[in-house]
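Both of the next two complexes hold chain A, though its partner changes from chain B to chain C.
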Partner chain A sequence: MTAMLKVEGLDAFYGKVQVLHGLSLEVDRGEILCLLGRNGAGKTTALKAIMGLVPPRAGAVMLDGVDISLLPPEDIAKEGIGYVPQGRRLFAELTVAENLEIGLMVRGAPRRARGRVLERVLDLFPVLAERLHQRSGTLSGGEQQMLAIGRALCLEPAVLMLDEPTEGLMPAMIQRIREVVLAMRAEGVAVLLVEQRVEAVLPVADRVLFVENGRSRDCVAASDLGEDHALLHRYVGVGA
Partner chain B sequence: MDFGPYLLLASLEGAVGAAVLALTALGLSLVFGVMRIVNVAHGEFYMLGAVIAWWVTSMVGGHPALGFVAAMVVSPLIVGIAAAAAERLVLRRLDYDPEATIVATIGLLYVIQQLALSTYGADARPVAAPIDFRVQFPWFGYSGYKLCVIGASAVMMLAVWLVLTHTRVGLMMRATQHDPETARAFAIPVDRVYAGVFAIGAMLAALGAVLIVPIQQAHYLMGHDPLLLSFIVVIIGGLGSLRGTVLAAVIIGMSDGIISVFFSPTLAKILATLLVAFVLVWRPAGLFGARPA
Partner chain C sequence: MSRAVGLHIAVLAGLALAQFTLPEYHHGNLARIMVLAAFASAYNITFGYAGMLSLGHAMFFGAGLYAAGLAAEFGGIAAPGGLVLGVIAGALMAAVVGVLALRTTGVSFMIVTLMFAQAAFLTVLYFGEWTRGDEGFVIASDMRRVLGLDLADPATRYWAAFAVFGAVMLGSLAVARSSFGRVLAAIRENEERTRMLGYDVFRAKLMALAVSGAMAGAAGAAYALLFGYVGATFASIQYSILPLLWVLTGGAATVLGPFLGTLLMFYLIDVSSSFTTAHMMIVGFALIGLILFFPKGILGTLRERVVPWLP
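After this line comes the complex of A and B, so read on.
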């Protein structure tokens, strides 16, 4: 069986500056792969390149065996990739319901099916159900993050990509988001998680891929990482 | 005539001007809000709308209403197609760069204007009003058509508001306005939204022009004042705020009408421009614009 998401030899540029140098990764169904690396290593760019927001100049992005790297960016989400950008990037002036509606519109499912999906997302984040008609910019940080994840789940993704979802949140919120990510894994979603902090990664990740200077380096099982401090020290600079 | 009735007459004239201005400025505001583009050619789309309205009504015979209704449909349609083509051929290739698009739309202004001059000519030509009745006040009679213009403009603005707030297309437009990159990541075809918004903006100007052309004649230079006043309205109302745009259009249109009747049109423009200066000094984001955080 091929991996749900397989990225091979991705090159990406901001203007003339090359940010990704042949980055490769693989995520399976029901697996959480975490990209770990220093600030500016290219983790966020990797996610943007997969979404087509930073068009890759070389390499392939295979989603369930089909190359999606040549699709226009607005068609990539339709293939089933839910994206939770760094800093949440909600449509702040729009209400909670409208933000979720934008996620629901992606797949163009019939009205009844959309109602069912929305119900499921609101079950995961009951606090959003109470605030459907509130402007999303007025939510608390944790609620905004829940909405950003909820919006991505509204398109019933086969692959879920989260960029530093726990940044700046309270421990209780971090716990809740962790639970949702684990629930998605249990449903067979391939999860690609970007983090900077090791302690946020180890409890959820199955495998960890270290990213350095836009290149993918060592890839190890998260369970092995507890003993192997050398890798952490080299790529993230913590002696933990 | 006593002062009271005179004021009523001036207010009615102001309201007609405000109604058409609101429609035209709404188009400019929409384009600026969603695309962050200053469309200097907006007034020429207005002029194009009026000229095409004259052309359509002169082709269609029979009752004036027949030709007018045809113009209401055909004129915005042609202007919308022309605007979408300009968006595709010019603005998109400039990658919607704020400065480059200003220069490009200045060029577009002259292209449209000179095309109108060389095909339509330098004459001002009238269009017959579709309805011909007078509303008789105790002091004076007033054109029924002008009152209909106010109503038609209000209906069209309501329609724009409903589309923006209650339809999927409107949701896509608002999402694109706030964050085009994230909108793209959620399968919103931002390129098509831009082309559509630019076309709709021009069509609103054309609709305003079709409404005004039975009152003012169609002329190839008629786009200047609406452009200036639309900019004033958009700046006072707050960039990207539709509510502010409509309210500012009412303020500017009414005062323009009243001051023009009592004093002179020139004084009206001077005061409006002065008001912009004061708004920019004390509320740079406009009356309803979001303040930068």
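After this line comes the complex of A and C, so read on.
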């Protein structure tokens, strides 16, 4: 069986500057892969290239065995990749319910199926259920992040990509978001996580892929990283 | 029936009844205001709901105006047909311009739409032999008849203006409450995120522009047929700025805002110009006051503070 999301030899450019040099990665169903690397290593660009926002010049993005690298971003989203970019970006003037509705309407599913999906998302984030009619711009940072993730889950994605979801949040929120990521894994979703902080990664990730200068380097099991500080030191400059 | 729908029906009912009580002068004004408010409502679809600041809506209004006017002048097509042609001309023009202009956003979109509108305006002048350019022409009175009724008659004219405005307003309400309207609002708030969620943003914006163009075309055609005059002024930049002003005054992304804004601005100019030639200065002060106290327009600010259910 092939991996849910498989990226091979991806090259991407911003203008004339090459940012990704043959980046490759694989995430399977029910697995959490974390991209780790310094600022500017190309982690966010990798997600954008998968999403079609930065058109890849070479390489392939395979979703469940189908090449999606030439599709426009809106079709990639419909194919089943949910993307929560850095900095949340809600529809601030719309209410929580309307934000979720935008997510639910995408696939044109029948109303009953939508209700079921919405119920599941609200089960994951009970705090959103209490605030359905509040304008989303007035939520706290953590609640906004939950809504952004919740909205992505409304598409029932097969692959969920999160770009620094816990950045700037308080510990209780970080814990909640971590639980949701683990819940998604348990349901068989392939999760691709971008982080800069090692301590945010190790408790959830199954495998860690180090990214350096737009290239994928070592890929190790997260459990092995606890002992092996050399890799952390080399790629992110931390560790003792 | 929800209270939102009820409110809009009540406003329409009030407008229908107003014509039996208003003195002649205001009766005529209100007919004109309703047609212009239909134009403002059209503008509100793209600017208010979809967040596209166009500086070229005069070309859609003008397309309707000239479609109806030229059809009457040269084709012998009378009022109802002229209105239909106006709607088609507005929608078609918006779709064609949209395909090109929607490759841009923000300031570039403003510039590109302005450029197209100026090109349309100059085209009207260039073909002065038929359009009579700035001078314009008067539509023959036998072309201004619907079902045997004369549109120059004040009561008929009022009902016709009411019908056009009512249709456009209810259309706006339907858009605002539909899932299409939700998507437009999402695009306004964050275009890229909407795309990431799987929506074809270009198509949605083009649809919005075409709907807006059709409404503006209807308003333009109605203006030509009801008031009997067609001239290049109505395709000039002034008529791209006015709907923006009306919508900002009444409240962008509110269904009734365009009408309220048009009404207030019309009477502000009407009243102030009766005792000073510097009436534009008064309009300027009014706009400054508006921005200070009603930054989201009158109904937009009311919605934020008092009536959150207002569509």
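We take it that the second predicted complex is superposed on the first by the 239 of 240 C-alpha atoms of A that agree within 3 Å, B and C clash if a C-alpha of one lies under 4 Å from a C-alpha of the other, contacts with A are read in each partner's own complex, and residues count from 1 in each chain.
One rule holds in what follows: contacts are C-beta pairs under 8 Å (C-beta built on N, C-alpha and C of every residue); 3 or more make two chains touch, one makes a residue touch a chain.
Being a predicted model, the structure only gives us computed values, none of them experimental.
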| item | value |
| --- | --- |
| Three-chain arrangement built on chain A, chain B and chain C clash or fit | clash |
| Touched partner set for A:M105, first chain B, second chain C, both or neither | both |
| First (chain B), second (chain C), both or neither touched by A:E199 | neither |
| Partner chain(s) touched by A:E119 [first = chain B, second = chain C, both, neither] | neither |
| Partner chain(s) touched by A:D224 [first = chain B, second = chain C, both, neither] | neither |
| Contacts of A:P73 with chain B and chain C, given as first, second, both or neither | both |
| Contacts of A:E130 with chain B and chain C, given as first, second, both or neither | neither |
| First (chain B), second (chain C), both or neither touched by A:E179 | neither |
| Set intersection of chain A contacts, chain C complex versus chain B complex | 51, 53, 73-75, 77-78, 83, 85, 89, 91-94, 98, 101-103, 105-106, 151, 155 |
| Chain C-touching residues of chain A, taken from the complex the two chains share | 51, 53, 72-75, 77-78, 83, 85, 89-94, 98, 101-103, 105-107, 151-152, 155 |
| Touch list for chain B against partner chain A, complex | 168, 171-172, 174-175, 178-179, 181-191 |
| Residues of chain C that touch chain A when the two form their complex | 179, 182-183, 185-186, 188-190, 192-201 |
| Residues on chain A engaged by chain B in the complex (per definition of touch) | 51-53, 73-78, 83, 85, 89, 91-94, 98, 101-103, 105-106, 151, 155 |
